[in-house]
Amino acid sequence: MTDYKIHLLICGGTGCKSSESDEIKKSLKYWIDEANLKEEAQVVLTGCFGFCEKGPIVKVLPDNTFYVEVKPSDAEEIVKEHLLKGRPVQRLLYKDPHTNQQISDSKGMDFYKKQMRIALRNCGFINPESIHEYISRDGYMALGKCLTELTPEETIKEVKDSGLRGRGGGGFPTGLKWEITRNSEADQKYVVCNADEGDPGAFMDRSILEGDPHSVIEAMAICGYCIGADKGLVYIRAEYPLAIERLTTALRHAREYGLLGNDILGTGFNFEIDIRLGAGAFVCGEETALIHSMEGLRGEPTFKPPFPSVAGYLGKPTNVNNVETFANIPVIINKGAAWFSEIGTEKSKGTKVFALAGKINNVGLIEVPMGTTLREVIYDIGGGIKDGKEFKSVQTGGPSGGCLTKDFLDTPIDYDNLLAAGSMMGSGGMIVMDEDDCMVSIAKFYLEFTLEESCGKCSPCRIGNKRLHEILEKITKGYGEEKDIERLKLLSNVIKDTSLCGLGQSSPNPVLSTIANFEDEYLAHVQEQRCPSGQCKALLKYEIIEDLCTGCTLCFRNCPVGAITGERRQPHYIDQSLCIKCGACYEKCKFNAIKLS
Amino acid sequence: MTKIKTLADLRKIRDEVQSKIRLRENSDHPEQVVQVKVGMATCGIASGAKETMKYFMDELEQQAIDAVVTQTGCMGYCYAEPTVEITLPGKEPVIFGFVDKEKAEEIIDVYIKRGELIDGVIPLTFRTIDD
Amino acid sequence: MPKIKLAENTIQIIKDICSEFNHSEGELINVLHKVQHTLGYLPAEVQEVIARELKTSVAKVYGVVTFYSFFTMVPKGEFPISICMGTACYVRGAEQVLSEFKRQLKVEVGESTGDGKFSLNCLRCVGACGLAPVVMVGEKVFGRVSPTQVKQIIAEYREGCATEPAKSA
Amino acid sequence: MDTVQLTIDNKPVVVKKGITVLEAATSAGVHIPTLCHMKLDDLNIENKPGGCRICVVEVEGRRNLAPACCTEVAEGMVVNSHSIRVINARQTVLELILSDHPADCLICAKSGNCELQDMAHQLGIREIHYKGEQSTYREDTSPAIIRDVDKCIMCRRCEMMCNEVQTVGVLSAINRGFNAVVSPAFEMNLDHSVCTYCGQCVAVCPTGALTEVDQTAHVVRALSDPDKTVIVQTAPAVRAALGEEFGLEPGTLVTGKMVSALRRLGFDYVFDTDFGADLTIMEEGTEMLNRLSRFLEGDESVKLPILTSCCPAWVKFFEHQFPQLKDIPSTARSPQQMFGSIAKTYFAEKMGVERDNLIVVSIMPCVAKKYECGRDEFKVDGNPDVDYAITTRELANLIKLANISFDRLPNEDFDMPLGESTGAAVIFGTTGGVIEAAVRTAYELYTKKPLPKLDFHELRGMDGIRQATIDFAGFPLKIGIAHGLGNARRLLEKIESGESEFHAIEIMSCPGGCIGGGGQPYHHGNAEILKKRQMALYQEDSNKKIRKSHENPFIIQLYEEFLEKPMSEKAHHLLHTKYFDRT
């Protein structure tokens, strides 16, 4: 076994790669060879350290020295000074911006780790199918603590004090919701876990259920204890077979251990959980629709009040929280409200899980404290934009949210800030877009989603969104007029103002936010019939560059609509009125003689 | 399985499991095992984590390396799936990304057998509730 | 709509499933899931049996079946192809992949090919956003699919090497 | 009583706690427009899905506009029902609805009676700023009801009526989003369903999406055919409602004007379905007494209670839903069919008219009657006993078509012999009326004594299910009454479970009975109209000289000349029917 004494880890994440990681590696290797340290030191490329703004990063093990903004030319000094003489290179160390102190041991600079895992604390650590591993990480201790040491009121107070707000999007204070449900008099109450995660591009809840199902079970039992319910239901998407399987296994184990069922931990508390399958309707994320779906009905929302906490499932008081909200509960009980409320911003406590995706290097599931800026998420954790392209927009809140520009990158993420910026927290989808994305098309994409998912019960959502979509379609096809933009705004505002449920009330947000932030793109579409990012096919123009065309007739033969004319060995010509922009000519031309504008 | 009837029972089980794990992590005993955790959430499986896990199990057994291969949930590095965490005896866990069969072979040959790090290590980028 | 008579044993299967859920009207969605899982789809005749067993109106059952996108009244193809249309996949070109599938298979979304081999559907986020754009054929996931790969994916299933299909990702 | 104080349009209002903003506004004289909402007080019928969003108002402190129909009042609430924000939203929502609605108002069956049209007028819509795809569906024509679903605005009233009130369950919302619409299962036609044609969906539809099959053209053609003798019969409930179509107060009795209008339209004889009703009492009452006396004698093969069978929707309902009970309803045909049968035999013979040349038209408050007269059992060699059944509304259209100034018509009397009727027959048009009429006759036939009083107030009213015990000279006759098929279902279930025991039960499909039938002038959600129609019928009853069916001289004559006696073989053949298991 070769036993290197020293490891040099170089950030080889896609973000850093563009800043010469390979060169640094080569250079370090060269100087290690020169110094005859080949048997002692090893150079390894790693994934992203999540500190891209200071990249490239070189970390030296075992002493945890953390060098930032390293250039290939720094390799010699690192090898000669640090490796040979044991003297870290001071000028490459990270400087604390406040104290101006250099920090050499990265163990003391955890702050660069922008992520903080609370809801995801066990995901990727434990075997989700082993209740033992969950118990080993203090699993079910919170339930035990509540049942033996805390009254329901005290438990609710703890949750209220923690400042936890609903992670499904609305951000309603969880403790308050529990209290209201507790105060509703009834012979039977229910705890419902909303696992009908439907945002396109969001998979936070699924990951939690797949990675740590017991934390949700434990939290539901705690909730049942608090509100006075002995029955829980998990409403989960049928499209999540693995999550269903893991949850089913976890429920079985919990029952076998007596952590569900009658007389839990000998305290006389009974609690049982059943699974209800969703069947592919986004609107069922809305709690009244979800409840109707669990009752075997069409998932149409009903007007609130009455809220489910007063009259919910089968008309009984029902507390509905989403998966991520529940996953926070055991930690809050175990570590205390004070600990939890230290994290985050004034009005948004704790962390938020995001599914970071789109045109970003490190697509992944992340969890950050509230108050982290969008820039930190996109550039440090996400490793920046893919293929070195320009950042254009970040979309949060799914089909209910908005598209934010680079002007908002330094906005600290919390419920209120995102709302003020014209988007919303939503359940945690975060999609990054680059210069190639057409914002009118993006708005249209979200509306297509809403259109398909609208339940059709109320007129503004059923017909209004259809009309919005038709106007956007018209714009992307090149038939838009300037007054259409005003019409979009007017109609959007009425849909928001008059729709029955949250789906309709938020469905125009992608339209409004793209108009607000990217009006010039809309104007280019309607005034010049031009799509600045070249995404709107109908607005593209294929043209033959006369000088490059050899008259080989290949394009002529491949055009499906006969839009191309020309003599053999003479430059050809595309009749724009006939062209259907299929791109066949562009693909076939061997001489790059066809340009796209 | 016996029912956990009291909080004390629960604590006992927790302590037992924890000490078992600690034993595995901290002992200098030469016979202790290598731990391999494969991220087996939907994203991992979609990227081939099942095949990766099977490869580790078969290969480690065939090479008579004392190892425990288990599954775990999403580690969060969707861009680098399948992800595998290897804990060598007495060492910090190390996560590798993009672990297909070839990479797994390299991990076994170079890291598990020789203790040499290889390219593709994913640094931990988050704090946990224990920090 | 032409009426097909269901085989006795099919009716029995449906009845058994309804019994399993205590003939409770509130379990309608669970019943539909299980019946669709068993029979592959939910034709009118099946819905009529379910309505009778759960003592509810067939209009209501139909109303529920047509509300939820998971339920289908037409049988799926031998190889159901699903294109993820989640936002992550969309911004990475899922739409182009979808139109290529439509072009190659000559079907629209929700339809099956004439030979019953393929059916084409869209779904919302498989959750493999790291692999966007994602296409599923049956349970098999294909990641980072480009329109040029579409032909090859179809060909591998069509030629009957379905047991060892194209490499994913 | 707990009250709350709120402000509506700057006006302080004190109202009962728990009511809606809409109700509070109405009580304060503020008329907030509504479209999907409909409430029939006293009948426990309410539709408030909160779906159309026309009734939105601004409530201070709320982020979004609130639908007045489902927002409960709260102390200190400040409501503005006509701010610019509200008006803009309301108009935009209505424009959206109109953008998905065929603009064929000029030729729509509902024109002039359409709530959507009224709303567009009321909100001053002069331009529809939104254009785009419109939903299109296949038209569904059944024997009685036309579904033109393109005109559906998803108010869900019909669905609520069909499921919650009538428990028939033919209609449901299907699909979702823009494609959502109300439809029978598998978008099949109504005639493939268990639809009873009660027509309550038609009665509440705010637009032209649900209308009756219009047969006025057939009637006009028959009237102009010199070879045909065309006679008409009018159901009791028509005379209490027809006036509404000509601007008269609800509850105005227009029997005499109706008769003269029909005569001016060219009917050769103007008769009364009430004659058929008196005949029904003779047959049904006799059948009831027969069963009762056999039961009292201990005959175990006798099934009780006896159920009325005048209502065709009810008949179709139990044929589909309770086939196991098809032996209990009376076998007596409905008054419409008894009339038709007698007209095409006794009367035709008397007048020397060939059956084929005698056309019987009936004016009905009902759309199911269109279906009933087409049933095969009521045809002789393919020729129906009743040729055309048209609704009260269709009659009004005919009168308008014939340039008749209805309000200036003199009062005229029915022709004889089939125009003579009693007070008992008149009250057939309201819930409780058939059984009261039956009691008046059965009592006297059973006890052989004259009734001490004719008005049975214990059988009257608007409660969905009522029961009463009538002292039949020492024998307590237990009577049940249900109107609305949902109430009928509940009553039948009680009987099946043995929870209730009755000797006789009256069932009418429509809430309120025939006065609230699917063919009546639209009530537009005003239950007061139904009550006024009911009052009118009781008024007509008490004005009649003869108030017991068995005292109708022409009925007596009919038995003497033709039928011999109730339940005779001939009566059986002409006046009774059988039922089918339709499951």
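As written, the chain order gives the labels A, B, C and D, with residue 1 at the start of each chain.
Everything below uses one rule, namely that a contact is a pair of C-beta atoms (placed from the backbone, for glycine too) under 8 Å apart; a residue touches a chain by one contact, two chains touch by 3 or more.
Please read these numbers as outputs of a predicted model, since none were measured by experiment.
Here the two chains linked by the largest count of contacting C-beta pairs are A-B.
The innermost chain, defined by the distance from its C-alpha mean to the mean of all protein C-alpha atoms, is C.
Here the spacing of subunit C and subunit D, counted between their Cα centres, is 45 Å. Look at where the CA atoms of subunit A average out and do the same for subunit C: the two points lie 27 Å apart.
Averaged C-alpha coordinates give centres for subunit B and subunit D that are 74 Å from one another. Computed centre separation for the pair subunit B/subunit C is 36 angstrom, with centres defined by C-alpha atoms. In subunit C, the residues touching two or more other chains are 63, 67, 127, 129-130.
Residue positions of subunit A touching 2 or more other chains: 203, 206-207, 281, 298, 357, 363-364, 452, 455. The set of subunit B residues that touch two or more partner chains comprises 41-43, 45, 78-80.
Here, these are the chain pairs in contact: A-B, A-C, A-D, B-C, C-D. For subunit A in complex with subunit C, the residues that touch the partner chain are 198-203, 206-207, 238-239, 276-282, 293-299, 314, 355, 357-359, 363-364, 395, 398, 429, 431, 433, 437, 442, 445-446, 449, 452, 455. Subunit B meets subunit C in the complex at residues 41-43, 45-48, 78-81. For subunit C in complex with subunit B, the touching residues are 126-131, 134, 141, 143, 168-169. Residues of subunit B that touch subunit A in their complex: 1, 3-7, 9-11, 13-14, 17-18, 21, 37, 39, 41-43, 45, 70-80, 83, 85, 95, 97, 113-129, 131. Partner subunit C is touched in their complex by these residues of subunit D: 163, 168-176, 183-186, 188, 193.
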